[in-house]
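In this document, chain identifiers A, B, C and D correspond to the written order of the chains, with residue numbering beginning at 1 in each.
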Amino acid sequence: MTSFLNRRQFTIEWGHCDPAGIVFNSRFFEFFDWGTWTLFEAALGVKPHELGAVYGIMGIPLVDAGARFIAPARFGDAVELTSRVSEFRRSSFDVAHQLFVHGALAVEGKETRVWATRDAADPSKIKSQPIPSDVLARFEV
Amino acid sequence: MTSFLNRRQFTIEWGHCDPAGIVFNSRFFEFFDWGTWTLFEAALGVKPHELGAVYGIMGIPLVDAGARFIAPARFGDAVELTSRVSEFRRSSFDVAHQLFVHGALAVEGKETRVWATRDAADPSKIKSQPIPSDVLARFEV
Amino acid sequence: MTSFLNRRQFTIEWGHCDPAGIVFNSRFFEFFDWGTWTLFEAALGVKPHELGAVYGIMGIPLVDAGARFIAPARFGDAVELTSRVSEFRRSSFDVAHQLFVHGALAVEGKETRVWATRDAADPSKIKSQPIPSDVLARFEV
Amino acid sequence: MTSFLNRRQFTIEWGHCDPAGIVFNSRFFEFFDWGTWTLFEAALGVKPHELGAVYGIMGIPLVDAGARFIAPARFGDAVELTSRVSEFRRSSFDVAHQLFVHGALAVEGKETRVWATRDAADPSKIKSQPIPSDVLARFEV
């Protein structure tokens, strides 16, 4: 059984790049966030801003993120970002991202996120929740 | 009568700059936002995140912004941003920003903001409110 | 005679939005920059990162930018950005941007840019140049 | 022997935060970049934008970055970012970052960077170089 893979194409903009003429590192983490929302929308058929209401959660907050920068991406580059859940655990999951520049792997990323509700006793705190089985099922392909 | 002027010093960071090696334009509007919050904190003695609670408003949303780019700012430049309210009207006001690089004017900006509450009938809408006289008084120097 | 209009569709991302749940103002200036590059690519048939080499310029630096915020754009909103040159002068031009959220005008922007080369005597300085007539012709529709 | 530690204080801005009211993840990687430049300036006594010229390198490009998000940082929070080199290898090194909100650890980050020159044969490529011993010495405290 493999996990649903989402592909998203976009172009590297001038404002994404730094004085070295390549994408500034923090932008890739912004791209990964785009990728995760798009992946969840594609897998679940739910608009990102409705995810909370549909599943009774406050969101899928990030608890860990990492990236390996293999090759640069430059202004004007057409890139493809692929995103898939690499592991589901009881109440958290990992999303693996790969960004390709002209077909070659340029950046690998990983996010760990939590399926979370607000704590009823203290709404400023969040609490992880078991990921519903129908959500899990939607990611199986 | 002149209006309270706030000064804020900071350094241009690598990630603020674009492939031309100069600050990317959108960053200046981010700096102006920093300037306005700092100005209001200095003038009113209220922490930015407590402004809403203290004055019973939802915030001071931006309705107009503009900038004139006179000279570039570069990575490592020590800059000074000055911000002051150039005009108070009944329920809106203009903030004038000037960014100096090594003492020379590099960017001029202007923001128009509204003193706003949420509409009681439709909380997704905002409504302008008269700016309280004690707020006005705090900006007179 | 009217000027070439470019349309670009995209979705408002989580990371574009601020604690008020709406797009943070500086992001719109980033979007305008996207719009201008896309407009020039569409009108001239030249990739943005090749514009300098093709026309012998260092770029089209921004000297003035402004925006009027009419209605908010929120996470998940499908937006359309239209961009066209509203006026060409000898060596500078204005780009008018309009951002529509679900078909309604939400933000109007204007950029003034210069057709520029590096100063031969001092490459750290830029010099405006007459915009070539074949560039002007490409924008007429 | 321990490694030089740099401390940097700043305030979380409105534009750093997302609709959940907390700092958007990519911003932390921007903060880490600020931290590394400030650390190198403090340890070496060289302005960041002069680092390349002083040491004959093109820079200290990032090849790996990661963060663990332990607690949120919010608009108006006074934060302290500490940065130090946790390991020097022959031609690369790790920078460990810790961000404290009101004294409590909120985010831990790690960057791996390379001491790099441009490849003489192909300037679009970069090549790692042995880190000079006088650089290493400057980080020992």
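Everything that follows uses one rule, which is that a contact is a pair of C-beta atoms (placed from the backbone, for glycine too) under 8 Å apart; a residue touches a chain by one contact, two chains touch by 3 or more.
All values derive from a computational prediction rather than experimental measurement.
Trainee: Of all chains present, which has the mean Cα position farthest from that of subunit B?
Mentor: A
Trainee: Contact counts by the stated rule: is the higher one at C-D or B-D?
Mentor: B-D
Trainee: Taking A-D as the reference interface, identify its repeat among A-B, A-C or B-C, namely the pair sharing over half of the contact pairs by residue number.
Mentor: Repeat interface, by the over-half criterion: B-C.
Trainee: Determine the centre-to-centre distance between subunit C and subunit D, using the mean Cα coordinates as centres, and give it in whole Å.
Mentor: The computed centroid separation for subunit C versus subunit D comes out at 33 Å.
Trainee: Let me have the rounded angstrom distance from the C-alpha centre of subunit B over to the C-alpha centre of subunit C, please.
Mentor: Distance between chain centres: 24 Å.
Trainee: Provide the C-alpha centroid distance between subunit B and subunit D, rounded to the nearest whole angstrom.
Mentor: One centre to the other, that is 29 Å.
Trainee: Can you list the subunit B residues in contact with two or more other chains?
Mentor: Touching at least two other chains: 14-15, 20, 24, 26, 30, 33, 75.
Trainee: Taking the touch definition from the header, please name the shape of the chain graph: line, ring, star, complete or other.
Mentor: Basically all the chains touch each other, so complete.
Trainee: Please name which positions on subunit D make contact with subunit A in the complex.
Mentor: 20, 24-30, 33, 58-59, 61-69
Trainee: Spell out the residues on subunit A that touch subunit C in their complex, using ranges where they run on.
Mentor: The contact residues of subunit A facing subunit C are 13-15, 30, 33-34, 37, 47-50, 74-76.
Trainee: With touch defined as at the start, can you tell me which subunit B residues reach subunit A in the complex?
Mentor: It comes out as residues 14-15, 17-21, 24, 26, 75.
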